[in-house]
Every structure is written in C-alpha cells, then in structure tokens.
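Got some structures for you, see below.
Two complexes follow with subunit A in common, the first pairing it with subunit B and the second with subunit C.
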Partner chain A sequence: MAVTFTCPASKLVFERSCFLHKNSRHVTNVLEHHFNYGVDILIPDCDSIPLHLTSLMVNSRFFLTERLPLAILIDKEFVEAFVKKGKLYMLSYGTAIDRDNCVAIVPPGILILNLTKDTYQELGLVGKPTVFQKKLPTKYVVEINLTEEYFTPGKNYYERVKWCLTDRLGLVFDFLVAWLPHEDQISQSSVPAYLCNKGFRSRAFKVSEEITFKKDVKYPVIDSNDFDGHGEGGNSDNDCPITSSTKYDEQKKGGTKSDGQLKSGDFLCSYTEFWEWLGAFTCGLDCDGSPDDFLSTFSCPDPVSISPSCCQCKYRGFILPGTINCLIESLRDYMKSSTSPWACVTVHGFTDSPVSWRRNEHGHHKGGENLYTFVLFPSEDYWLYMAVGTHDICPP
Partner chain B sequence: MAHPCELNILCDKNSGNNVEDRVKMALSLGYEVIVMNNFIPEFYTKKKKKGQEKTVPVPEASEIKIPEHIWKEFKKRYKNIQQCTRFTTVITDAAQMHGLTKQKELKGYDITAVQPTTEKLFHNCCTSDDVDIITFDMTEKIPFKIKRPSINKALEMGIHFELTYSPAIRDPTLRKHSIRNAIKILTVCKGKNVVLSSGCERAVELRGPSDVANLGILFGLNEAQAKEAVSSRCRAVLLHAEARKTIRGTAVMKVTPVVDISQKLQSSTESQKNSLQTTSELMPDESDKSDCNGLKEDRRTGNVSESSFRKRLHEKDTDFQFEDTVSSVSKKSKTVNVVDS
Partner chain C sequence: MSIFAKKNVSKAEKNEFVQSFLQKHLPEKRLRQGEDITLQHAHFMLDNPRTRKRKEVKLKRKTLSAKERKELKLFEIQPEHQKYDMYTPLHQLWKDYMKDVINFDKITPGNQSQMEELLLRADLHGAVLTVTKSKCPSYVGTSGILIQETKNTFKLITKDDRLKTIPKPNSVFTFELEGYIITIYGNNFQVRASERAHRKFKTRPTVDLI
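What follows is the complex of A and B.
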C-alpha cells in the first residue's frame, strides 16, 4: 500500500507586471518584507557576473548584540536617535517562533513582541492572541508603536511599558541589528556604538557570498507574456498587473509530463512548472529525470534550452530590503546589455521572524518559509512569486 | 507550542548500556526535554496464601538519570535542556493500582505511566489520581475494547495516552500492529490528549520531532494535533505530574530568578517607589530583618513583596498551595492597585 502524505497547506501568489508601469509594486513589495535571511541569484547564459552587483551585497554589514534588555529599546534617547530617524531593523536571534518569545523592530518604529502564553500572562501588556490557533492560543502578539506622541516619559502608557519590561520581567534577547541612516554622513555602526556605551557588546558581520558557475545546464524556456504556458501570448497589454493566486500542491505536479504532443514554440513552461524547476535547481537537484532514480524522477519541464554557463550566487546574512531594491535595479541595468533570456532573484525571509510582509503575523508550522522570487526579463517585464507556509497570512 | 519532548527513553537493565547514545541522539535531533523511563512490568504482587504483599525493589529515580558530569557536557552543547524521570508498569490486577501510591521510591519519579491489560483496569486507570500517562503495548493487538466513557473520564482527569513509534520502525509485523492500535485508540479519543514517544531500544530508532509529527498524521491525527503530540501535550503531561504531587496538600515553592537590570538603567520611577512603600507596609518587620541581605537585591526591582512573602511561607512551613500561576495573578492585582492609588 502506498502512503501519500499530504503537503502542509501553503500559499503562492503570482504577479506579472512591468518595472516601467506606474502602478508597479515591486519597490514597495521588497520594502515591506523586512527580515531577509538569504538572496539567491540565478542568471543563465552568463560567463561573469558584474562586480558592481556583487560588491553591493558584500559591502552591507549587520551587527549581533548580545543579551540586550528590551527596556533599552524603549529608552527615549534610543528612540529619538535611531527609531525615529533612519530605518531600524532589529530581530531577536536564536529564538524559535513556535516555542520562544520573539521580538522585532520594524520601520516605522514598531516594536513587535511575539510572546508565549506564560510570558504574556506574566508581562502585563495588552496584546492579541495569534491568528493561527483559534481555540487555545499559545502565542500572543503585542505591538508597541515607539514613534507615537503619547509614547514618551511621564505619560501613563510609557511608564506602564517601562515598568513591565524592567521590573516585572527582565526580558533579555540577542539581537540582530541593522540601521539605515537618514543622512549619508552618519555611519551605520552608530547603533552598536551607542549600545556599547551602555555596556552591551556587539559584533559586526558581513554578508557571506558564494558564487558558482555551472556548465551545460538545461533550463526551461519561458516567455514573460505567456505565464500560463498555453502558447497564446495574447496578454500583451500590460495596463494592469495580472495577479493569480493558487494553492500550491506538490502532489499534483509530479515531475513526469505525459503530453507527447508538445512542440517547442507552441507551448512554453508555465509559471508553476518554472518555479518548481527553480527550486529543484537551487537545491542542487539533478534534473535529468532518469526514471530509475531513487531520490527523484524530476525532469526539467519542456521545452528545454541549454546554457553553456550558468551563474548562481548565494548571499546569506541579515540583508536590508533597501539593499535588495538596489540589487534589482542594477540587475535591470545588467539585463539590458546581456544576452540572458531572464534572471532570477529569490529572497528568503527569516523562518523565525514574527512578521512576514508588512506587519502580517508569521508563524512556523512545519517550515516557516516566507520568500519571494523576481524573474526579470530583458523587456523590463517581471514575474513575481510570493510564497508562505501554513502559519502565515496571505502576502499582499 | 512548547519545546519538543521525548517522553520515553527506556533505561531498565535489559536495555543495555547505550542509554547515553540514545540521549545524545535525541538531543541532536532537537529534543529539549528528555524523559528517562524505567519500565518494570511487575513491581507489586500479592501473595494469595498469607496475604502478604511483595514488592520488587524499584531503583531510585536518581539512579536512572544520566550522571551529572555527563549531563553537564550535554548542557554545554545544547542550551535549555531538561531531564525528567518516569516509571512505567503493567497493571494486571486492581491491587497494583493501590501499590502505585504505596511505594516510597515511586515518589521520586516525575511521571507515572501504566499499561492496563483489561477493559476494567483500563477504566480504573482512566479515573485514577496517580496516573499521568496510559500507555499501550504497540507490539501486539490491544486485548480489550476501548470505550468512550473511560476516555472521557481520562480527558477530564488530564491523563494522556501514549503511542510509541519505535516498534513501527523495528519490524513490518510490529508496524502493522502499531498502526492498527494507534488508529483504534485515535478513533475513540479523536486525537485529544495523545502524546507520541519513541520507546526506543537503540539510537537508530529515534526520529526527529517533525518526522514523528508526520508519522502521527499517518496514525490519524490532524496537522495541529500531530505537532502538539510531540510538544505542548508533553508539556501538559509534565505539568499534570507536577500538579498531581500537590494534591496531597504539600507546598511547592518556586522562586523565580529576578533579572536585575535596573542598575544599568538607573530608572527609579514613581511607581516603583510607591510599590516599595506599600510592600514594606505589608511585610511584618521580623521577616524583613531576618532576610535583610537576601532582600536587598529584590527591593530595588520592586519584587520584594512576592519573594519575601514566599520566604515567609517557607519558614513557617505552612500548608498553603502556592501555584505559580496563582501567585503571578495575585501579584499582578496587587501591583495594579498600587499604581492606581
């Protein structure tokens, strides 16, 4: 008897639009996804990756501050200097969202506490139960807007929060810190310098980089206008971005394709097949589809093109959304001059971050994936995939 | 969701010396609470002729724990890990239920688990005060019918049902029995109060928490229940065990450590001063004097009321039950009053 395990529920949102379109949301979409753990770039038909692309990522820095009490974060001096000016991103490090307390600061100055039931009941701040467990919630979310006018020393609410965070429970976390200054003259490392004065150690890290070139890679042929692979290509009017959302179901899309009548040119690879292939390729799967393979019989979807050299870059670290926007801009420039049919940028969010997009609550059921992929075409069109796991609110 | 928990690492004499290997494996798979299980099938028998009771000596709970120096090594590598003990026995006679309360050594164990053999004994177990877990022999067919009224009682009492998965890994025939038994149990209890544990004899039979949750889906749990069965349900078992010990009217004291960060912040607010004043009014002078040194730190953080109150309880050895949640609630209401006034 064959047992089929159903895949945990997940959501995939697909958008097609053009960078030049006035309503294109590519910038806001990137900016709204706050905590990014990794960036994968894939460019077929590419011999060498331009330096300005890689230097952009490698030069970005972030800090790890150890054992920082939460009370420091609501300190008036800290709020005035860093939260209200520039963009401050902070995320508790080494905490699992489904069993520990997690804390984050997202622009514009919202402190988000994702607390376990025990801590929530002891802390004494008002929050909301998690949206993912309806009956018996074990997690609670407290949001504090640090930039509000009434959030100032002397006011009742501020004193209450301060008392809760200092006297009731001395919550202490390790934090990943990155700050985008409001002026160019100010250094990024002002935040750790300030914290160091207060007596909390910080360590600086750089984004790690790994560039590989793969030879003779089979990749699917896609057309920016023909996203569902029916060969119609009729949707050429780009006046409105086309959005379609599907429930992604691994079972339905087994690797084998039985249609024998496919001719290249008539039918192209659809967006779901392409995304599946992209995931398999990024994981290093051998997509040759040999039927006797024990691990996987997945093959590259038809029609196939062969690239003599394929460039794959991996970046890992605490990457700011602003950096990713710059990366996409420079990739657009690169695409204008290169011969590559498309380029992919996949951005993975932290699995244990309390928020995914905007201030949407994020959780961890089997996997806490929250990621998006841009497929850039030379014609300035793009495809955007946004995917989240079970415990997540549908991306915007 | 709570921390992943492995409720059943067998460490009776027959299981060999590889207990440490198995614990090491469990920790590396991501479990944070490890329960060492002492399985003694027959520990209490009644002699028919003379009416004398005979008990099999049960080793102390500390004997089956991982030795302190090895556990310290583990603690260096894995943070927030916890070790508990559990005693499991087979119930073939109603008198044995009685034996559970009589044995002194059993009080040292954190969790008590029983494996009933008949329907009547199963019902007895479900209504018992002294049981945390009802377990089943997954290597053979359950010899009795499980009925809904018994299960309802057990749910009411907070007793959990354990499904062990390592027989399903060991051998295809046992797998058949395991799945059949599991489905039999789960159709009656509808996935409530179910914990999944290994009951492994070798380290290879252990699986990671998410894998076990997946196996739970195969047994008939739904997604959420399967994940809970390896995490928050196990926590419920441990809390049930802790609560069970307080039924007899003994006091359980717990002093939660207070992180003193007010020194660094130099924040002495009005409310804090208020709370200090009122707490010193609340406290009789004698206890303040006697614990002067101990209280100094707490005084600054404003937590003086609770800790000193608890200390007083401790000194006088009163019979109050002092549950953690209760104390925190009372503490909250007290301090709220202070702020208002």
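What follows is the complex of A and C.
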C-alpha cells in the first residue's frame, strides 16, 4: 500500500553576487538572521583547515540561564547596560514555537513574545495574531521595543508592561544568552555575571565542533557565472538575479540529458541541482546512484569532479551572526590562496525561533527550517541560497 | 321643533287636532287596536336623530418612553458623580447584602451548587470586578466597583475615578467575596440584572469560555 505525503510548501530564494559589489547584501543578510543553531562548512580539495577558521567558531561562547523571569529583561538597569549597548541575543530554550510561549530579544533591543492564545488573553499586552492562521489564530505576537524613549519607569506603557509581566503572569523561561559587547575590554560574560548577582544561575557552553575529512569525494562542477547550468556565461548580464522557486527538482532536465562525457562548459550543474546534492552530501548520503539501492538512488549531478580530500566541519551551538560574518570573511581570505573550486557555508536557524530574518515571524509547521547557504568562489563571487518552510515569510 | 310652535293654541285644541288627525290617517286595523291613544303620547324627533360621537380623552402615559429616557440621559452617570470614594459605601452595602444572601459559614461541598445558584441570581451592583481574561488585551486588569449593569456591559468605576464600560462577551471577570474567588464568564452572562433574578438558567455540559 502506497502512502503519499504531500510535500509541505517551502520557499527558496537564490541570489548571485560578488563580495566586492557595492550593493552586495551579504553582511546584512547574515546579521539579519538572528538565531543560528548550526554552521556546516564544506570545502573540497582541502587537506587541512586553517586554524584561525576553527578557532573563531570554537572560541565563541554562549550561556544558558535557567528560570529567568521576563520582568528582569525590562529592568531599566539591564536595558541600559546590555540592550542599548552592544548586541544582545536571547532566545527561550526548550519551548516549541507551535505549542508554547516563545520569547526572544533581537538587536536593536526588541523583545518578541510569541504567545499562545490563552496566555495572550490573560497577559494583557496588545499584539497581533499570527500571520499564518487567518481564522481562529492560536498564536499571537507581541513586540516591545526596549530601547524606545517612552519605555522608561514612570511612563504608562512601561508600568503596564511591568505590571503584566510581574503581577499578572509571572512568565519564566530558560534562556540562551549571547551578548556582543560594544567595547573590546568588556567581557562577554557580563550578562550572566549580572544575572548571577540577581540570583539566576547561568551555565557557559562552547560551540561544539566536528571536523571530518572524506577521501575521494565526487562533487559536481559549478561555475559562478553559470547558475542556470545552460552553458557558460548564460544570463551573466544580471548582477543580482533573484530566483524564487518552490519546487527544488524544477530544473532537473539539464542534468539528466548530459552523459557525463560532456566537456565542462556545455552543461554544468545548475543551482537547484547543486543545492540538492549539497543537502544529500551533508546528510551523509552515498550519492553513488546505484539503481537498486533501497534507500536512495540519488546520484551526484554531472559533470563530476573527484576530490582527493574533502573537508567537512560541523558547528553546533548558539552562534552569533557576527561570528558567521567573521567566518565568511576569513573563508574569503582562504579562498584566495587555496586550490578549492568553491567552499560552502550553510547556516541553520533554530527551528523554534520566533523570527527568521529581521523580525519576520517564523513558525514550525512540519519542519521549521530556516537556513541559508553561501557558496564562495575564488573570484570573490558568491551564491546565496535562503530557504524557509511553510510557516515563514519569504526572506528578504 | 314642533309644528304648533308658531300658532298660539291651547292644549285642548292641540289634543283635539291630534285626535282627529290620527283618526283620519291611521289604518282601520291599527285604530281598532287602540293605537290612536298610545300614539298621542309618542314623541318623534323631527331633526337629525344622529348624535355626535364623544371625543375620547387620551390617557396620559405615566412613564417615559425609551427614546425620552435616552434623550434625558437618565441612566448616564454624570462626570461629577464618577468618584470611586462615592461608591465605597455601596460596596460595603453590597457586601452586607451578599452575606444575607449567602451564608458563607455553612458552605459545604454538598450545598455548593445551591449557593452557586443563589450567587447567580444575586445583584452584583457594588461588587469589585476585575477583568482577568479578554479577547481584547487592553481590558485585562481593569478593576473597579460595578455601578451599572446592562444586558451586554458592565460599567465599572476604577480607583483612579474613571468610568469604564466593559462588554460582557469575550471577557472573564472575577470578584472576591469572603475568601472565595468567583469567576464570571461574560459570554454566558448576557442577561439584564433584573431578568437574571427570575430567569431559569439552563445547565449545559460544556460552555464556550471565550
């Protein structure tokens, strides 16, 4: 008996640009994606990964504060010290976005409460119903700008928020905390130190690292200008083409026509095929395409190149967008001197984060994925994929 | 008007004339029955016999119509009367009244449903109501003495002397009484205060809370 599951709708935004282009949005794009759970780096033809790349990630720390009441976050002292200065990222931990109340603080000092219907009706703070459920919404989003001038003790709005968070419902959450200080002298751990003084325990964590080298890996050949896979230089007149596609296997025809005997330059791997391969490879699929394979008959799209050693790094933790920007910068430097044809950085967002890009609301639906991938080329060109699930607003 | 009015004749002459007139004109059969004598005393009005209808005097309404009441703003609470302190005696009065209605010392799990029935019929004017849950979050937390109840709204006077009209539907209210916290689900409370005292409430297995 065959059971078919309909594929949940998803959105993929593809962008091709150059790091040197004056309108390139790679920095803002990374900074606008606030909550990053994992970073995957893939570099073909690479024997050893430079130490400064890995140390950058491993040295970044984050904290888990347990049972922190929300009222602390709107405390004037806290707002002045950490929210207004530096960049504070906080995300409630262990809360499922489709079931529980979720809370986050994103720069520049915006407190986002993603509340269930019951909590919203009892709390007494005005917000908006979720955009994903038009009829009978079960989730509501309340946004409070902590840096606003009128948000000071004594003002009506502040007193109301304070009363709602302390007297009405004493909302308490476990928080992942990371703070980027505004000055180098100040330690990152000032936030947990402050919270510790108030009597809330924090634990420090390091970003976990896993580096593997794979031998003799088949990987598709791609060209930075030829994202369509229709021969070299096609459509290169567009500086920043943006293609949105909901079906990933839309352009498979180009790949199946080529026999693997074609010279590179005739038909190259298109951006959708490459992304599919990247996903399969990262998941550890064999990609040898044997026809009687029980699990998958997926094969690496042609034309194929073989790398003697392929470097794969996995980082997991609460990673700040600033760190990822530094990582991309150092990868760019690395690409200038290396022989690798390209390098990939895939960044996964938290599936239960209340926001994806900017302050766009994020929901879980079936997967809750919100991720982006940079494909860096030695020529300083890059491809950028941004993908989100059903309950998401299209990334910028 | 009489036909003799113009002539100056005596009564005897009149009678004689009527006698002879009737003898002359009445048919024989009626004469034999002696009608000439009875008819002598019968009166006939010669002018239009229809009388004018009497004009009915309209009864004046003793009460004001709804429109008049609205125009007079009878039930509106004047701004100078919107003072919380003015209504604290009302709250005290209401507390005594509730003590009369419900004997709080004798509440047992057994008779609790009876007490609830009594509570349902009791007057709430003077109670300190608080909105604990509402579809509109701005109403949440509003607390004050109930000074007026309509079918669909509660009018509360808050501690900062402001009159708040809060719709009953889509809100949940609570009040405290002798250590008990009583919750009112506004959706199921949309009855006039006066009607509530006599109304028969149906017990439903499930109710929509909000």
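Definition applied: the second predicted complex is superposed on the first by the 360 of 396 C-alpha atoms of A that agree within 3 Å, B and C clash if a C-alpha of one lies under 4 Å from a C-alpha of the other, contacts with A are read in each partner's own complex, and residues count from 1 in each chain.
FYI, contacts are C-beta pairs under 8 Å (C-beta built on N, C-alpha and C of every residue); 3 or more make two chains touch, one makes a residue touch a chain.
Computed from a predicted model, the values in this text were never measured in an experiment.
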item	value
Partner chain in contact with A:Trp163 - subunit B first, subunit C second, else both or neither	both
Subunit B versus subunit C as contact partner of A:Pro8, first or second or both or neither	first
Which of subunit B and subunit C A:Val126 touches, first, second, both or neither	second
In the superposition, subunit B vs subunit C on subunit A residues touched	B
Touching partner for A:Lys85 - first (subunit B), second (subunit C), both, neither	neither
Which superposed partner A:Arg25 touches (first subunit B, second subunit C, both, neither)	neither
Contacts of A:Lys76 with subunit B and subunit C, given as first, second, both or neither	neither
Footprint overlap on subunit A, where subunit B in one structure and subunit C in the other make contact	121-122, 124, 163
Residues of subunit B that touch subunit A when the two form their complex	1-4, 210, 213-214, 217-218, 223-224, 227, 231-232, 258-262, 264-265, 267, 269-272, 301-303, 325, 328, 332, 339
Residue ranges of subunit A touching subunit C (in the complex, touch as defined)	120-127, 163-164, 168
Complex contact set, residues of subunit A against subunit B	3, 5-6, 8, 69, 71-72, 75, 98-99, 121-122, 124, 133, 138-139, 159-160, 162-163, 166-167, 169-170, 172, 198-199, 365-366, 390
Partner subunit A, residues of subunit C touching it in the complex	132-135, 137-138, 140-141, 210
